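Dropping the structure in here first, questions after.
By written order: A, B and C. Residues from 1 in each chain.
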Amino acid sequence: MRGRISILLVPLAASALLPFAVFRANRIAAGEPRSLIETLGTAGASAALLALGLAIAALMVIRQPLWRLGVAVPLLVSLVLAMGWGAARLGADAPTAARIGPGAGFWIALTLAGLLLIDALARLRPGPAARLGFAAGAVALVWLLLGSGVLAELSVMEEYRSRSAAFWREGGRHLWLAFGSFGVAMAAGVPLGIALARAPRLRQPVLGALTAVQTIPSIALFGMLILPLGWVAANLPGAAALGIRGIGMAPAFVALLLYSLLPIVANTVAGLTGVPRSVTEAADGMGLTRRERLWRVDIPLAAPVIVAAARIVLVQNIGMATVGALIGAGGFGTFVFQGIGQTATDLILLGALPTVALAFVTSAVLDAAAGLLPGAAP
Amino acid sequence: MRPAGVLRLALLALTAAFLLFPALFAPMLRPLAPPNMPVIYDRASLSSLALSHLALVAAAIIPSALLASALAILVTRPAGAEFLPLSRALVGFGQTFPPVAVLALAVPVVGFGTWPTLIALFLYGLLPIFENALAGLTGVSGAVRLAADGMGMTPGQKLRRVELPLALPLMIEGVRISAVIAVSTAAIGSTVAARSLGEVIIAGLNANNLSFVVQGGLLTAALALIVYEALGMVAEAARNRLGLPAEPASRPAG
Amino acid sequence: MIEFQSVSKLYDGLAAVDDVSLTLERGTLTAVVGTSGSGKSTLLRMVNRLVEPTSGRVLIDGADTASVPPAQLRRRIGYVIQDTGLFPHWSAARNIATVPELLGWPKAQIRARVRELMEVLQLDPDAIGPRRPHELSGGQAQRVGVARALAARPALLLMDEPFGALDPVIRGQAQADLRRVQRQLGTTVILVTHDMAEAIRLGDRIAVMREGRIEQFAAPAEIIAAPATPFVADLLGEGDRAFRLMSLRPAREIAEPGAAEGPMLPAGSSLAEALAEMIWTGRDRLPIAGPDGRAVGVVRRDAVIRAGRPEAGPE
């Protein structure tokens, strides 16, 4: 039965026939395809094909996940490097306004190499510490690739250079929106969860209301919050001085905070009520007070479930903060929606790629962190 | 009737009233609109926007549900078992992908209008349904599987008579999650010119007309809640029909 | 007749069942007993091809099971497992109807058969039939599982620790029911258990398994009288099992009309006390008292010994 996964190698091989790069006369012009040979030159393309062929052959025979990983990672890195070199080569004899970006062939090859990598990782079943190591390694690798300048000629990087100050400013706002609202939600949600764990009768109505809030589409909640926050800004002395306004950061922050509450509260309740009866009884039997039991027994045992909620909330916030740009909250969404408005693919990517990367890394780190907690299921 | 039932009916009645006779609500919204600006959105009727919003969701989620269920069935058969670890990992990765990013990345590929929204809703809808179908199909107890084999069911009979019915409530739950996300993403789709209630909100934001923002926001929220409640009732009905015990009240997310 | 011919099953090179050859007669109940992991379930599942032998053959009435498509083979063989494996989305009645439905019996015939079986197993068809598995007690669920296995009148019934999840009182009842039904229908039964007492109580013959091999295959009396290996002896457990069993049953249950010499056995005496009294006073008939202290009958020694054997249920 083994070996069926090799089916993924077919489109990987076929991707070499598709345009590797896209050439555009300027940043919003229509793209023209460039084949692998056109992009890398005869010598470069031959080398690339040879490397691809070797990788495919290796993946066909090797079964050991660790070794497969050892093939997939270099394959991915060399794909990205080849794209960078190709962009530099095509850009060398093109006008300055011209843009070179990845083509369908590159994206397909990247996706498939990624799938093979994920498959190998999934089969390795690394422990939390190893996963943390992988995440750190991946971040370091990306940092290295971006910092080294090999990708400098790629259109997204050109887009970045022309607005690097805005990029970091919006990035900062994005983080503040996503993590700041998360912090407040934790500070409010965990105590609320503890209270609800002790008051079963209030549980259903409160969780029901929070579920209803989560159901409300982000754009609707962002929009509707303009009204109460505008009122607060106008009528509460000092509120405006604190930066509270009807539009901008404040409604986005509050909306993300409201969305964050359900997972945190629900998982706190589930974590605390899930502590085995025998354990709580033993704790009571040893004479722990309610407060001592909460801090020494209940919360440590519920911690993995609460950290799982933190992961969900942060990933959700990082994605949803993008929508905040529509009400002037800033963040990476600014580039996404500007890019949509200008049909500038590179600008969209400049907003979307860091958002996705941020969500990936946050998720991986918190997932591993949950596994490292003493109360985690093995 | 239980209070939840009364609330549901009231929500439905209010939404229908607003969609069909928006003028009735104009006096309440008047203070929010700048002077000399329309109070009720007038570039399209709210009811037609709501309908095309729902149509967009349905057109994306139905194929999404079919494909995701088929994939889940495939990777839980012996022939597809090799793809199970990859599928599980992909579900985890995919969920970190914001729906807006899917929408934004579809625009360069297919242009403006309904298509990028449909594609984004379809792709993003796959994940929750696939994940829940996978949970449902792999959650059938070993004893039940063994009994089905031992009674002499063929693999097809086992799937149709035992595994699918038992997985159905969870699969519907997945469709419910997907549909609610789709209502939300379809609203954002109006930034790329999809016809949905999001159009009203965005027009309000552009024209600084809070009345538009609030009516669009309320209607979109109502639509999402109605879809959520309706599919919840479908899941409940399926569970009742199959005679399965109700879902536990609080289940940790994650 | 079931024949295992040099049957082995390897998992990752390790033998779960190791070169087993056995012949089981038609209409008998064979108990396969052994510790957990000794290969009992694997052996059993090779009969209905839930597990395919690595080598060797299993024949039913002379025909190689490997020549029959698995689904078809299994519909002719009843199968009961410990966790019942009842389909949770079907009523008890529909569960029982599973195999007849697969075989395409007419609806009316299926209904009649379900009623009949439920009555045989003392399940009220109108009260229990429409219930879902989660609304059944452990004992009821277990009986529904047995009824489901018997629905298409299989000549062979495979049972894998069918009573393992039941409490002792219900288990005793279920064992007695199985014995009754098996005699009544003449079904050939292979019963897997880790409980030697259950094997002795139910089996016409007992196969003792250890590490994939058969240590002894014999009638219960022979196993008790002459355990072939120390392992079999170990499995039989403490030597006073019979006395413990006898001390639980009142002697009055086996009293017969008549009179006897000597001091009277008190009303509440157990079989063990009766036997001790016989040995002590050298008598083989004792008068036994009723609740009011007057003699109500006699207890005979051979009746005491017969009643002390584990396969005897309450008369």
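We adopt the following convention: a residue touches a chain if its C-beta (ideal position, glycine included) is under 8 Å from a C-beta of that chain, and two chains touch if they have at least 3 such contacts.
Predicted model only: the values in this text are computed from it and were never measured.
**Q** Measuring centre to centre with C-alpha atoms, which chain is farthest from subunit A?
**A** C
**Q** Taking the mean of each chain's Cα atoms, which chain ends up nearest the overall Cα mean?
**A** B
**Q** Averaging only over C-alpha atoms, locate the centres of subunit B and subunit C and give their separation in whole Å.
**A** Chain centres of subunit B and subunit C, defined by C-alpha means, are spaced 53 Å apart.
**Q** Quick one: report the Å distance separating subunit A from subunit B, using the average Cα coordinate of each chain.
**A** A distance of 22 Å separates the two centres.
**Q** In whole angstrom, what separates the CA-based centres of subunit A and subunit C?
**A** Chain centres of subunit A and subunit C, defined by C-alpha means, are spaced 59 Å apart.
**Q** Multi-chain contacts in subunit B: which residues touch at least two other chains?
**A** Not one residue of subunit B touches more than one other chain, so the list is empty.
**Q** Under the touch definition given earlier, write down the residues of subunit A that touch subunit B in their complex.
**A** Listed in rising order, the residues are 1-5, 115, 118-119, 121-123, 203-204, 207, 212, 215-221, 223-224, 226-227, 230, 263, 266-267, 269-271, 273-274, 305, 308-309, 311-312, 315, 318-320, 322-323, 326-327, 333, 336-337, 339-340, 343, 345, 348-349, 351-352, 355-356, 359-360, 362-363, 367.
**Q** Tell me, which parts of subunit C touch subunit B in their complex?
**A** Touching subunit B from subunit C are residues 48, 50, 70-76, 79, 81-91, 98-99, 102, 132, 134, 148, 158.
**Q** Going by the contact rule set out above, which residues of subunit B touch subunit A in the complex?
**A** 32, 78-83, 85-86, 88-90, 92-93, 95-101, 104-105, 107-108, 112, 180, 183-184, 187-188, 191-192, 198, 201-202, 204-205, 210, 213-214, 216-218, 220-221, 224-225, 228, 249-254
**Q** If you look only at subunit B, which of its residues touch subunit C in the complex?
**A** It comes out as residues 141, 143-154, 157, 161-162, 165-166, 242-245.
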